[in-house]
Structure formats: structure tokens, C-alpha cells
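Got some structures for you, see below.
Two complexes, one shared chain (subunit A), two partners (subunit B, subunit C).
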Partner chain A sequence: MNNGVLDSNNLNGGQKLAVKYFSVAVILFVAQILFGLVTALQYIIPELFFEVLDFSVARTVHINALVIWLLFGFMGAVYWLLEDEAGVETVGLKLGNLAFWVFTLAVTIVVLVYLFVQVGPGDDTTRWLINEGREYIEAPRWADIGIVICILVFFYNAAATFMKGSWSGISGVLILDLVALAGLYLAGMFYTTNISVDQFWWWWVIHLWVEATWEVLVGCIMAWGLIKLLGVRRQIVTTWLYIEVALMFGSGILGLGHHYFWIGTPEYWFTIGGFFSALEPIPLVAMVVHALYDSGVHKFKAANHPAMAWLIAHTFGNFFGAGVFGFMHTLPQINLYTHGTQWSASHGHLSFFGAYATIVIAVFYIAVQQWRGGVWMSGDLPGNGWKWKWSLALLNIGVLGMTMAMLVAGYEQSFIERAIEGSTWSGYFAAQMHPWFIQGMNWRMVFGIVTAAGTVLLVWDLLTIGKGEKRTRQEVS
Partner chain B sequence: MIDPVEMQNFFMAFFSGAMVIMLGALYALLLAWGRIKSSPAFVVAAYITYVLLTVFVLVLADTMNFEGFWNLITAVMLVGYLLAPHGIWILSRDTHTHEQEPSSIQS
Partner chain C sequence: MITKWWASEEVWRKIAVWVTAGMLLVLMGLTFDTIPKISVGSERVPAYSIINQRIDYVFDEKRNFQVPVFGGEQPLFGKMLSEEEAEALVTWGKKITQGRNCINCHTLLGNGAYFAPDLTKAWLDPNWVDSDLREGLMINFLMDPPNNSMNSSGRKMPNMDISEEEAKAIIAFLKWMSSIDTNGFPYNFKPVEQEG
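Moving on, here comes the complex of A and B:
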């Protein structure tokens, strides 16, 4: 161990690959924030970058960067815990490294094409080479195929390593989840001329990835994180993982129905979507109680305070973002007015941050600690750990502020554009020009800047925390 | 067919939906905390929270124009929110039964 310096000799093979994924994830996170600021500014100054970097392009990059940085973060997290869980070296590491470079190169090309080519004639060439046109998964078809191949390599690395080594409850759930992760992406890869049918399958990727496979994936990471950070017994976290997975799949799969209300699918989806959406917050409530229970039992004595703080932020963020902000506009009686407004964006921002960004950031801190030789990251850090505390505060306040600003704007849109004006063009413009909407967009910009400041501080902290630290990590049991 | 929310009920429909989830979590937390600390006051507070939760579920059902099958969902929601925290508590307690370090958790 080489304490206090970033040294690859402190890492095993899987972890060396993981830090590559984490590095790209951080770069994409910064890109997501930058393009988010541009889009936020375009709401205030609509002519900004007109025909140079149109809102549609900037928004595409903003959201795609989010999806991909989280995916890189999750993949890195799995590579990080792989050898630790399996007890053997990662199988097929060279292939895994190759897949990483291919994936990174593909993402780079896709982003450059988004930025510099932007649009095509709208035929097969466009779909294969420029932009597939499906919101959130705009990557052209060649990149889609590449993503699936890279995920399959990732799956092979993980599954083969566990098969060679030992299985655990966490690894079993993880591998089954990765099958779903790779398989579901295929649902967004075929084209139909019927928009209802197209949307039907598109939601399989958007909803089932996010509200089923990603939730389970972060459940696995959370379980492993609680063992590492608090010293919680494996039997406890595994039991909870099974319960949470059962609840998540039990409610999340048919919770898909809340996306089928208005796309031309049969009326029974109102009932199915409404009922299962009402169940979806239950695993999130269970998770809050469980995480606090474990933390309390272990008297909040953790081996890595920044990571532990981010895990707690994850628990609450997941509950408020996905649970509270999801349920309050998910039933069809009200969703008729709210879907596709800033209300959805408000829910999206808090839930993606709370459920996913937070836990990936927690893993970043776990990784940095080991990368610096397993150094001390509990209390009594130099400067009282002001950088991680301030970045945690700024990022959470920033995202929460943006969420509330968009909530106000979304409420106004739902009321004026949808309920009063009946979704007409005049209603659309009336809502866009309403003072609540304009003020909401201004406040969103302000809190976006706060979020950006928190991101800068986070990156700075990740690069410097533990530097020169000679104490070794606090033992937990 | 489902009747959309009336315009005058807009705010209460959103607000009651949010309160159902937040009070559901608060009820679970107060119940767990009350039992960890063996404090009847917290347990009583938990049940008061549940009563408030019931009020907001009923407001939600009213403002969302629940009828027929949707009333069944309301009943299931109320029973579920009442019992689920007990289940969560039992799981939390039992999974920690063999914890090595001494704990103040009461059975």
C-alpha cells in the first residue's frame, strides 16, 4: 500500500478498470452540468446559440450525458466490487479494457456528431449514423449495437468472475439484473411506423431500465456499500436486498402502466398503472427505515464519511425524488394535466440525482479512498473536510432548488396550458409567458449555477481528498 | 372512464398525493424510533401520523374522483400503509437479532 498518493498498485485488476470508468463518468457529469446550464439559459434567452447549438441539441447532450455517465458509474461500481465479492481475479479483463475504450470512443463520436452534424435528412442514414430520434436514447443505431456489445462484455466479465469464484446473494441479484439491463435495451432498437407501438416499446427502455433494473443495481451497490462502510453483516443486507428487489420488481414492472395512459394503449392501463404506481413508493419507504436503522445500530461510525453522507443523501433523494415527486402526479386523474410539463422535469431532476447520481458519487469516494492506499476518511479530516461537506450541500441545495423552481413552473403549465386552455397552441404560449413560468425558469438558472459550483467543488475534492494522508482507514464492524 | 381532477381541486390533489407518501414514511420512522427507544410517546405520535395519513388518503380519493375499483385501491392503500411499517420493523429487528455488538433495541 502506498498511502496518500493516487497509485494503481493500491488497486486490483477490476478496480483499475473501474477507475477508468469513473474518470469518464466524472467528465460526462461535468458535460451534463454544462449543457444543462446552456439549456436553462435558453429558457431565459431563447435566441441564445440559435442555429448553432439549438435547445433540442443541447438538451439531447444534457440528458444523454446523464444517462451515459450514470451507466459508466454503475459499470465502474460493479468492476470495483467484482474481485472483492467473487474472491478471484476478474475474468476477461483484457476484453473488458477493450470494451471500455470502444465504449468511450463511441460515446465521444456520438457526442461530436450531435454537436457538429446535429440533424440529417430523416431517412435510414440519419437513423444509423446521426440520431435515432427517440427521446433520451437518441444514439444512432451503430452506437446502439456497440452499447449492447459492450454491456454483454461487461456481463461476461461479471458472470464469468463469479462463476470462477464464489457467489453471494449480492452477486446473484446483480447478475440476473445485468441480463435484464442488456436485454431491455434491445426493446428500443427496432423501428415501427406506428407511433403508439413505437412508444410502447420505447417505454420499456426508459421506464424498466430506470425504475426496475437501475433501482436493483443501486440496491446491490447500496448493500455492498453498507457492508464496507458500516460493517453491516452480509446476512442482513442480503435479506433486505431480496425484499427490496421483490418489492421493486413487484411494483416497478407494471408501474410501467403510468406511461401508457396517453399513448393510445387500451384503457385498462389506467387501472394497472394507477394501482402499481401507488405501490412503487413502498420499497423506497422500506429503504429509508432500513438505512437509518443500520446507521443507528452502528452509531454512524463509518469508514468513509463522505461516501456515507452520499449514501444517506441517496436514501432520502430516492424517496423524495422518485417516491414523493413521482406519486403526487402519477395517477391518471392528475397526470392528464402534468405529463410532459416542467412538472415531469422537476420529478426527473430530483429522482435521477437522488436515486442514482448520489450513489455513484458515494462509490467515487470509496474508490478514491482505496486508490490512495486505504487512507483515513472518517472524522477529523484536514480543514474539517470542508470541500466534501460544501460540495454535498451545494449539490443537494442546487438540485432541490431547481426541482422546486420547475415544480412552480410545471404547476402553472398544468393549470393554464392544460386545464384551462385545453392543450392548445394559445394555451402553450399563455403558459410560457406567465410570470410564474418565467420566474421559475430564472430560479432554475440560479440553482443550476449553485449545482455547477457544487460539481466543481466535488471534482476538486475527489482529486485532493486523502492526499498526503498517512492514517489508515477506520476499522468498522 | 376516469374523471380528471376538477380545477378547484388542483392543489389539494397534488398536495395530498405528496402528503400520503411523506406521512407514510414518517409513520414508519416514528414507529421504528419509538420501539428502538422504547418510547410510547413516539409510538403514539406514529399513530397520530397514521390518522393524518388517513385524512390525506381520503382527500386524495375525493379530489381524484375515485370510484368503483379505485375505492378498493384506497382501502388497500390504507391497510398497506398501516401494516407495512410493522413488517419493516419486524424485518429490521429480526435481521439484527444476532448482531454482535450490544444494542439498545428492544424486542
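Moving on, here comes the complex of A and C:
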């Protein structure tokens, strides 16, 4: 043990690999924020980087960096808890390491091609080598295949380690969830000219990832986190995890229907999508109750205060961002007017941040704590822990502010472009030029800068927290 | 302490498994029902050769929203196409829209980015003045968007190096997409003036 210094001797095999994933995740997080700032600014100064780095290019990088940094964060989190949970060393670690480098190289090439090649002709070569042109899964086909192979290696590492060691409720749910996660990606890997069928399966990847399998994956991380940080009894968190899986899949799988209102699919999806997606917030409320109740029972005595704070931010962010902001426009009666407006962007920002960014950041803090030798990270940190507290505040205020600004713009768009003007091109621009929309975009920019400031502080804190700390971590029982 | 049945780990594990399996089964059943209903040539998603016909978007009293309505012949660029030719042209058009990453500024069927107008009913947009001028205006716009900008917001579509043939293919795809029955999305749309 080497206290207070970043030393890989403090980590087990799986954790050594995990911190590599986390490092790339942090870099991509910063990239996401930078390209987000560019797109936000292009709403205000449309000629910015015109025909050099157009909105479409910057946004592609913005949303792809988001997906990949979260995925890297999740994969790192699983490698992180693997040996601890299974009780044996990671199986096939060398292969896992190789997959990490292949994955990272592939991501780098894909991003460079997005930035410097950008577009291609309307043939199959473009889709295989440059850009598939489908939102969130723009990665060209060669990269899709690479991603699937890397995910299979990751799955092998996890499943084989649990099989060699011991299974638990958490690992059982986790492994089944990873099977679904990997399998669903395949639903996005084909071409069809029929755009209705195209979007039907596209939503299997997008919705069933973010509103089902990712939610259950973070449920597993949360369950493990509560045991580690608070010392909650395993039986309690496992039971909660099962309840959450039942509620999450019970509502989220058919909640897919809320994407099938307007893409050509039959009208019965109004009822199915509306009903089940209205139920989707329930498991998220359950998580808030669960985490806060456990924290209260343990008198908020936690082994890692920044991580615990981010876990609590996760439960609220997940509930408000995914739950409340999702529900607000999920019924077809309102979605007819809000679908494809800034309203969706508003929900998207708060939910991705609240549900996923928060919990991955919590795991980053758990990782640096161990990386520095399992040092003290509870109260009484140098400078009263101002860096983690301020970055927590700035990031949450920043994202919440952007969400509200875009919501105002979205309201205005729904009324003016959609309800009154009838969604024509001139109606679209009438709404885009309305003062309420412009104000919304300006405030989004302001809060985007707040978010960026929070990100800078977060990175600084992750690099320095626990440096030179001699006390060992707070014991929890 | 005796655990009540409703707080039992075992009970909830079983519920989780059964609920998940049950929902997946229902989803699979619905998928089998939906896919044929949205296949090309179905009532909701017409065959590609619909681009030979007049397409409109008219309020339907019974369903209480606008639906696509098909009229007589209105061949695209004055040329009637066979089913195969139409499919080839629409396919090329869609591949171009993917290759040029259109969806990261525009929305198609409402999905995509919000920096530029929705393209679901672009073929029917009143911006194209009337059905006589429409095709020419669309080709001009696609081939040189910055110099044919149609709004005063300052936002322009970049030049995407689209040739005339490519523009025609994109327009074929847009015309076909406007024929899809989208359950009244977009609402209250005001289609272009068309003859016939």
C-alpha cells in the first residue's frame, strides 16, 4: 500500500484495466463538453466554423463522445468491481487489455474521420468507412463490428470471472443485462431503405439501451456502491435490485412504444407507449427512496463523500431527468407537438447527465480513492474539499440551467412552430427567430459555460484529491 | 426477524424474471404484428412507385388528423418509373442522406437534430410555391444551399457537394417519405398548392 500517491500497486488486475477505461472516459467527457460548446455557440453565431466544422459534424462528435465515454465508464466500473465481487482474479485479463487498446484506437480513428472526412457519397463505402448517418450510431460499420468484438471480450472477462469465482445477485443481474446490451446493438447494424423499419429497429438500440439495459446496469453499480460506501447489508440491496429490475423492465421494455407514435407504426402504439412510459418514473422514485433511506439509516457515514454525493445526485438526476422530464412529454397528446423540438434536447441533457454521467463520476471517485492507496475521503478534506463540492455544484447547476433554457425554447417551438404554424419550414424559422427561443439559446450557452467550468474543476479534483493523504478510508459497517 | 413475503429476496427475484420474460414476449408479439404493417407496399408505408403519383396531406374526419392522400399521375421529373427503378432511386436518395449526415441537423419523422427543419413532409412544404416550380426549386436549393437560403435567421445549410442527379435521388426519397402514414405528425401542416 502506498498512501496518497497514484500507484497501480494499489489496484487489483481488473482495477488496473478499469482505470485505463476511466482515463479515456474522462478525455471523451471533456471532448463532449467542448463540442457541445461549439454547437451551442452555433445557435447564436450561425456562421461560426461554417463549412469547416458544421453543426452536423460538431454534434455528431458531441453525442458520440457522450455514448462512448459513458460506455467506457460502465465497462471500467464492471472491471473495477469484478474481482471484489467474484472473489477471484479476472479471467482473460490480457485479452481484456488488448480489447481496450483496440477499442480506444477504433474510437480515435472514428472521431478523426468524423472531423476530417466528415461525409461521403451515397454508397455502401461511406457507411462502411466514414459515417452511417444514423443518429447516435453514426459509427461506420467496420467500427460496429469492432465494438461488438470488444464487448464480447468484455463479456467473456466478466462472465468467466464470475463462473470461476462466486455468483451473487448483483453479478447475476449484471451478466444477464450485458447479454441484452450486446445483443441489442446488433439491431442497429443493417441497412434498409424503408425508413419506418429503419427507425423501428434503431429505437431498439437507442431506447432499449438507455431506458432499459443501461438503467439496470447502473442499478447494479448503485447496489454495489451502497455496500461499499455505506456498508448496507447485501440482502437489502439485492432485494431492491430485483424490485428495480422488475419495475424497470416491466415499464421500460414496452415503454419503447413512446417512440412508435409518428414513424409509420400503427395507432395501437399510442396506448401501449403512453401507458407503459407513464410508468417508467416509478422505479426511479424507488431508487431515490432506496438510496436516501439507506444513507439516513447509516447516518450519512460514508467511506467516500464525493462518491456518495454523486450517487445521491444520480438518484435525483435520474428521477427528474429521465423520469419527470421524460414523462412531461411522453403522452402522445403532448408529444405530437413536442416531438423533435428543443423539448427533447432539454430532456436528453438532464437525463443523460442525471442518470448516467453522475454515477460514472461517482465510480471515478471510488477509483481514485483506491488508486491512491485507499485513503481517507470523508469529511475534513484539505480545503474542506472545495474542489469536489464546487465541481458538483457547477456541473449540476450548469446542466439544470441548460435544461431549463432549452425547455423554454421547446415550449415556444411547440406552440409556434408546431401548433400554430403547422411545422412548415417557415414555421420552423419563425419559431427559431422568436425572442423566447433566442433567450433560451443564450441562457443555454451561459449554463453550458458553467458546466464546462464544473468539468475543468472535476478533472483537476480527480487528479489531485487524496494527494499526500496519510489517513486511511473511513470504516463502514 | 422473519422476513415478510413481500420483502423477500427470493420472491422479488422470481417477479423480476417473470416480468422481464413476459414483457419481452409481448414486445416480440407486437413486433411481429407491426413489421408487416410498416413494410413497403403496405397501407401505412406505400410502395416506392408512389413517387409517380400526386401525394397530398389532408385532414381525415374519422381519424381526426391529417393523412397522406394519393391522387392521379404526377411523375417525378416528368418520368414514370417502374417499381424497380423507383426503389433504386429512393434507395440511392436515402443512402445520400445518410452519407451526408443530414440527420445531425435535420429531423426525419421527427428524429434527429433540431438545427434545421423537419424533413418528414419536405416534399409538401409551401416553401416550394406550387407543384410546377417545386422540383426545380428543390434541385437548385440542394445543389447550392448557401446561395438559395430561404430564411432570414442567418442559419444556412452548408454546400454538401450534391450533384443534380444526387439531388433528384434525394427528392425521390423525400417524396416517398411524405407518403408514409405518420398518425398525423406533423400536426396542422399546410401543404404546398398542387394542381389536379
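One rule holds in what follows: the second predicted complex is superposed on the first by the 477 of 477 C-alpha atoms of A that agree within 3 Å, B and C clash if a C-alpha of one lies under 4 Å from a C-alpha of the other, contacts with A are read in each partner's own complex, and residues count from 1 in each chain.
Convention: a residue touches a chain if its C-beta (ideal position, glycine included) is under 8 Å from a C-beta of that chain, and two chains touch if they have at least 3 such contacts.
All of these numbers come straight from a predicted model, not from anything done at the bench.
**Q** Quick check on the superposition: with subunit A as the shared anchor, is it clash or fit for subunit B versus subunit C?
**A** Once subunit A is superposed (C-alpha atoms), there is room for both subunit B and subunit C without a clash.
**Q** Once the shared chain is lined up, is A:422 touching subunit B (first), subunit C (second), both, or neither of them?
**A** In the superposition, A:422 touches subunit C alone.
**Q** Who does A:239 touch here: subunit B (first), subunit C (second), both, or neither?
**A** After superposing on A, A:239 lies in contact with both subunit B and subunit C.
**Q** Students often get this wrong, so check: with C-alpha centres, what angle lies at subunit A between subunit B and subunit C, to the nearest 10 degrees?
**A** 90
**Q** Check the residue A:270 against both partner chains and state whether it touches subunit B (first), subunit C (second), both, or neither.
**A** So A:270 meets both subunit B and subunit C here.
**Q** Check whether A:123 is in contact with subunit B, with subunit C, with both or with neither, and answer first, second, both or neither.
**A** In the superposition, A:123 touches subunit C alone.
**Q** Identify the partner contact of A:142: answer first if only subunit B is touched, second if only subunit C is, both if each is, neither if none is.
**A** It touches nothing on subunit B or subunit C.
**Q** Would you sort A:296 into first (subunit B), second (subunit C), both or neither based on which partner it touches?
**A** Only subunit B; A:296 stays clear of subunit C.
**Q** Using the touch criterion from the header, give the chain among subunit B and subunit C with more contacted residues in subunit A.
**A** Here the partner covering more residues of subunit A is C.
**Q** Going by the contact rule set out at the top, does A:390 touch subunit B (first), subunit C (second), both, or neither?
**A** neither
**Q** With both complexes overlaid on chain A, does A:253 touch subunit B (first), subunit C (second), both or neither?
**A** second
**Q** Look at A:336 in the shared chain and tell me whether it touches subunit B only, subunit C only, both, or neither; answer first, second, both or neither.
**A** Both: A:336 reaches subunit B and subunit C.
**Q** Compute the least Cα distance separating subunit B from subunit C in the superposition and give it as a whole number of Å.
**A** 5 Å.
**Q** Quick check on my understanding: which residues of subunit A belong to both its subunit B contact set and its subunit C contact set?
**A** After superposing on chain A, subunit A residues 235, 239, 243, 267, 270, 336-337, 419-420 contact both subunit B and subunit C.
**Q** Once bound in the complex, which stretches of subunit A touch subunit B?
**A** Spelled out, the residues of subunit A in touch with subunit B are 233, 235-236, 239-240, 243, 267, 270-271, 274-275, 278-279, 281-282, 285-286, 288-290, 292-293, 296-297, 319, 323-325, 327-334, 336-337, 411, 414-415, 419-420, 477.
**Q** Considering only the defined contacts, which subunit A positions touch subunit C in the complex?
**A** Of all residues in subunit A, those touching subunit C are 39, 42-43, 46-47, 50-51, 54-57, 59-60, 118-124, 126-127, 130-135, 138, 169, 173, 191, 193-197, 199-200, 202, 235, 238-239, 242-243, 245-246, 249-250, 253-254, 256, 260-267, 269-270, 272, 336-337, 339-342, 344-345, 418-426, 428-429, 432-433.
**Q** Could you pull out which subunit C residues touch subunit A in their complex?
**A** Subunit C reaches subunit A through residues 7-9, 12-13, 15-16, 19-20, 23-24, 26-27, 30, 33-35, 37-40, 44-45, 48, 87, 90-105, 107-118, 121-122, 125-127, 150-156, 158-160, 166, 169, 177, 180-190.
**Q** Considering the complex alone, what residue numbers of subunit B touch subunit A?
**A** Touching subunit A: residues 1-5, 7, 10, 13-15, 17-18, 20-22, 24-25, 28-29, 32, 36, 64-65, 69-70, 73, 77, 80, 84-85, 88-89, 91-92, 95-96, 98-101, 103, 105 of subunit B.
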